[in-house]
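Take a look at these structures.
One chain, subunit A, links the two complexes that follow: it is found with subunit B in the first and with subunit C in the second.
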Partner chain A sequence: MNNQQTRPPVISVNNLKVHFPIRKGVFSNIQGCVKAVDDISFSVNKGEMFALVGESGCGKTTTAQTILGLTPKTSGTIDLAIGPWNQTPVNWNDLDKKGKKELRKHLQVVFQDPYSSLDPRMTIESILEEPLVIHDYAKKERSDRIGQMLSKVGLSSEYLHRFPHEFSGGQRQRIGIARAFITEPEVVIADEPVSALDVSIQAQIINLLQDLQKDFNLTMIFISHDLAVVRHLANRLGVMYMGKIVESGTEEQIFNSPLHPYTRLLLESIPLPGKGRSSKGQGLQDEQNSSLSAAKGCTYYPRCPKRTERCLESYPDLKDAGESHLVSCFNC
Partner chain B sequence: MRLIPAPYGFIEKGEIHFNGRNLLALPEKEMRSIRGGLISLIFQDPMTSLNPVFTCGMQIQESIHTHLSVPKSTSLDMTHQILKEVGIADTERVVSSFPHQLSGGMRQRVMIAMALVCSPKLLIADEPTTALDVTVQAKILDLLHTLQQSKDMSMIMITHNLGIVGDIAHNVMVMYAGLLMEYAPVNVLFDSPQHPYTINLLETIPHLHGKKQRLNVIPGDVPTLSSIPGGCPFHPRCNRCMDRCRTSEPPIFNTANNHQVRCFLYE
Partner chain C sequence: MKKNGTYSRGTSLMRDALRRFVRNRLSVTGCIVLLFIITLCLAAPLLTPYTYDYQNLSSGATPPGAQHLLGTDILGRDLFTRILYGGRVSFAVGLCATLVSVLIGVAWGAIAGWYGGKTDTIMMRFVDIAYAFPFTIFVIILMVFFERSLLLLFIAIGAVEWLTMARIVRGQVMALRHQEFVDAAIGLGLRQHQILLRHILPNIIGPVIVYATLTIPAIMLLEAFLSYLGLGVQPPSSSWGILIREGTESMETYPWLLIFPAVVLSLTLFSLNFIGDGLRDALDPRSSRE
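Our next item is the complex of A and B:
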């Protein structure tokens, strides 16, 4: 526990911006840009389960892809203190090809859709072996690890020579998880790992992820739009809206005392089994007045019930509302 | 709706009575006038169920012209009227937009408008909010609820989300592998579920409030429809499975007023 203070956070993201240019006309002139991720900062400590939540299109997946080095960033820094770099954080840009490969061994990903993220022409054995071949494991160790990993995710070894189409959605997601964990990474990013699954299967996968996180003392970034799942898994979370983090804090802070109006709306919108939603019938209006949004003001202004003049003038910075519960709103 | 694709599937037996008429015995021509007129359907995915090459206005008007003989100017007025009812303020823009120009929530509203424009007596909503975000989902649920009340319409909501069930339904039927497992009024189902499948299903859901605990799990996988286990289809995953469940399919038992369960435990 002591080295938690001495160690830098495993992942620290500072003022990250990812903009995609919009090109138009014959000469593909840049006409503006989509700000998929706009100036976000957060850090994830060792052994922590950090969740990013928000509606679709708010930039969760783009953030994850940028951390994985799959999408180039526009500005900002991502420092990764992983594997051999655990005392001296690195940046994707600082690394050569060999370094990037080494980093990827310690930073793995589980994808959302278990149907399209497994190659249909590879057997389970070759799917699980591929990362081990890439990272130069000996043949003997490869088969040992595959055996261990399969039993950890609850699949029998007789499945090794089957193809992905012979499995159900839940089993495929187990294979996807096994593939991510097989190189014993320090950090796993799980992008909506349960949202494509049946409810009865969802619980199995959530429990599996919890067990694996404990076994490997893993750091995990969990991306989801389902707040109930997030509450169950995460220690800390960040709520994203239109490319910005509007609120972040521990699981208790966010769920017991949400501050930002958007977080409140999210929590109130969820229908609970047997009870329905906690508040009904507030606002069939919205969407139409999204043209209201000011260029420099708060992005949530058009939908916000607590908006004031001030929100139009400048974007509220994240401020500390006590015990590192951060919120970006003038009025709470 | 009698939309089962003909050569591959067929309705083996049974009757569907709607307002006293057996829908399965009607000629195709009469069925066409019922579809969209008296019974309407909202599909799951608003992205793929609207036609991308016609404007939203034209698609809603098409539904009107199929069922009512009115001039074009009247149907245009009706289109604006119904779009207002589903909570769209800028109806001019929506009528002349193509589906790809609208957001997911707006498209789902157009779908609902199209289904409701001829004032059906029954609305079947097949997972109407699964493709939408929670905040948009909340708005669509509110909308369906108010429209159902104001138009005095019956509604069949098909969903896998038990939260939505608690939010909107009066009576619930739980199905598994093609069979009715439990049928009850909504508060009875959530307060005292009886079928092991329902009980388990309610336990597997992660909760937003209350104590955090390890989730209960239903072991095994959902069977594919081509290989449904014999006897009770739930028996391989059931924690209260008995010998006879493996061999014979339980009939439906009435355990209380309006509460039906397909399980030998309640014999």
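Our next item is the complex of A and C:
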């Protein structure tokens, strides 16, 4: 770890908030807001695989979209030390059109749904060529790279002139991965890249991503709702709940000594072979609190088995439980 | 985008589409029939000894025969000749006005659907208002203020027919805008107009083509209606719409005056629809019937 401290973290997110206004009525009055991402901070170092885990709607994808510059943030900062900016981090607002384009070359994304993420009217060749055309690669280099990339993701070059609908979900996801990696980005954000695939294919895609990460010495953010998927894959994890990071730490810390009750719940709900679901199901019986409410207490309170009076009064800040293992809970 | 020469995309989709189109018998037949009719219309002076306004009042309406292939109308004008010359007007109006309506409608709908929000509201309310505006009054105003001409007819019809197209396109674009491949394109660094041209337009081409082929016959009939009011093509010129209208009036006594123009118009419309269907299928990679 120490040798990586010489340069700033590749991605550092500080106090990021993304709130979506809710408009109602004839004049579209703002009636409140959804706090999709509410004051989160984390950083990802060079060559690291950082996993963001949490249930649907907890703000993982919004975080990814904001880092990618696809969704505007409400407040906070996202500093990216990528490509030409690797010593002097930038954020999206600092850049002009040209700069943004350059940044995108080094910051790519793999999408969740392999069906809607490929343009149905384009052949595989055009899909893979597009990023290269945008970033001004010469024609010769384009076809070379497309060939190399295809074999890297395990597809035959005879597929080049076919259309996406002729492929299976797993193959389409490989194409999506090839598109993301073809400009040799420094950072790839994988937004639930396997959750739309069936289990046997998931393993293949995860192995592929892992191999590529090593080959390219890549920094990756891997988003998933399934802790089992990121086990052995991620170096560090952040567990999100309703727009906040409730616990973060290394893979070992999270899996071997989880602190936050929500992390424990997630771990317990991983099905184990022979044992069925190991969860005692505690905490799930309560209705999920709406993220619309402006409660000042802990958002996990309604589901928490460890709740106390204190949890209602204020939101617990992240505290260090030792060796950068952060958790936001008063009672653990 | 300027370095288009080396893009393989355009050519491969087009080549693929052409292959599929040629394989579709109905649409190829449609093409041949349509080309045949258009050729006849263009070659009219070579095919008939009469002019479209030549009258032989003494002969009156004569049934089809050796001298007049498809007979003559009440004023003794050769029907075959009038159908050919009328076809020129009908095609010109139908194709040009459709082109105008497609261009305006697609651009308007795509911009409204893509940008959404206030832009969308303003643009679509304008469409709603234009819908409610009485068409005939609009055309009469145009005709009164400007000199009556065929060009004005194109504009008048085109200016009305694009409204539905805009709505169709807007709906399609709104549905596509939230697909992940659009996010992917933004993530790759494409500009908005590039995304519209390279990803959105190719994906809405199906409904656009089908609706355009339906617009052509609608416009041909609209032209007949305007001509009947005296706002369109003026006698002694003719168009298929006018011929059919005249034919309807004397349907019982001189049936050929209705039958022949109607047959030609129907053939044209059938061909256009088959071509439209063929194009839509050919341009959609998913529809291959192999």
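In this text, the second predicted complex is superposed on the first by the 317 of 332 C-alpha atoms of A that agree within 3 Å, B and C clash if a C-alpha of one lies under 4 Å from a C-alpha of the other, contacts with A are read in each partner's own complex, and residues count from 1 in each chain.
Just so it is clear, a contact is a pair of C-beta atoms (placed from the backbone, for glycine too) under 8 Å apart; a residue touches a chain by one contact, two chains touch by 3 or more.
Source: prediction; values computed, not measured.
Shared-chain residue A:R179: touches subunit C; no touch with subunit B. Touch criterion met: A:E55 reaches subunit B, while subunit C stays clear of it.
Of the two partner chains, subunit C is the only one that A:I134 touches; subunit B does not reach it. By the document's definition of touching, of the two partners only subunit B reaches A:N207; subunit C does not. With both structures placed on the common chain, the touch criterion links A:I30 to neither subunit B nor subunit C. Of the two partner chains placed around the shared chain by superposition, neither subunit B nor subunit C is touched by A:I22.
Touched by subunit B in one complex and by subunit C in the other is not one residue of subunit A. Contact residues on subunit C toward subunit A in their complex (touch as defined above): 3, 6-9, 12-13, 179-181, 183-191, 198-199, 202-203, 283-286.
Within the complex formed with subunit B, the subunit A residues making contact are 55-56, 168, 170-171, 198-204, 206-207, 210, 225, 227-229, 231-232, 255, 265-277, 280-281, 283-288.
Those residues of subunit A lying in contact with subunit C across their complex are 65, 68, 70, 97, 100-101, 104-105, 108-109, 111-113, 116-123, 125-126, 129-131, 133-135, 139, 161, 163, 165, 176, 179.
Taken in their complex, subunit B has these residues touching subunit A: 87-90, 103, 105-106, 133-139, 141-143, 145-146, 160-168, 186-187, 190-191, 200-202, 204-209, 212, 214-218, 221-222, 224.
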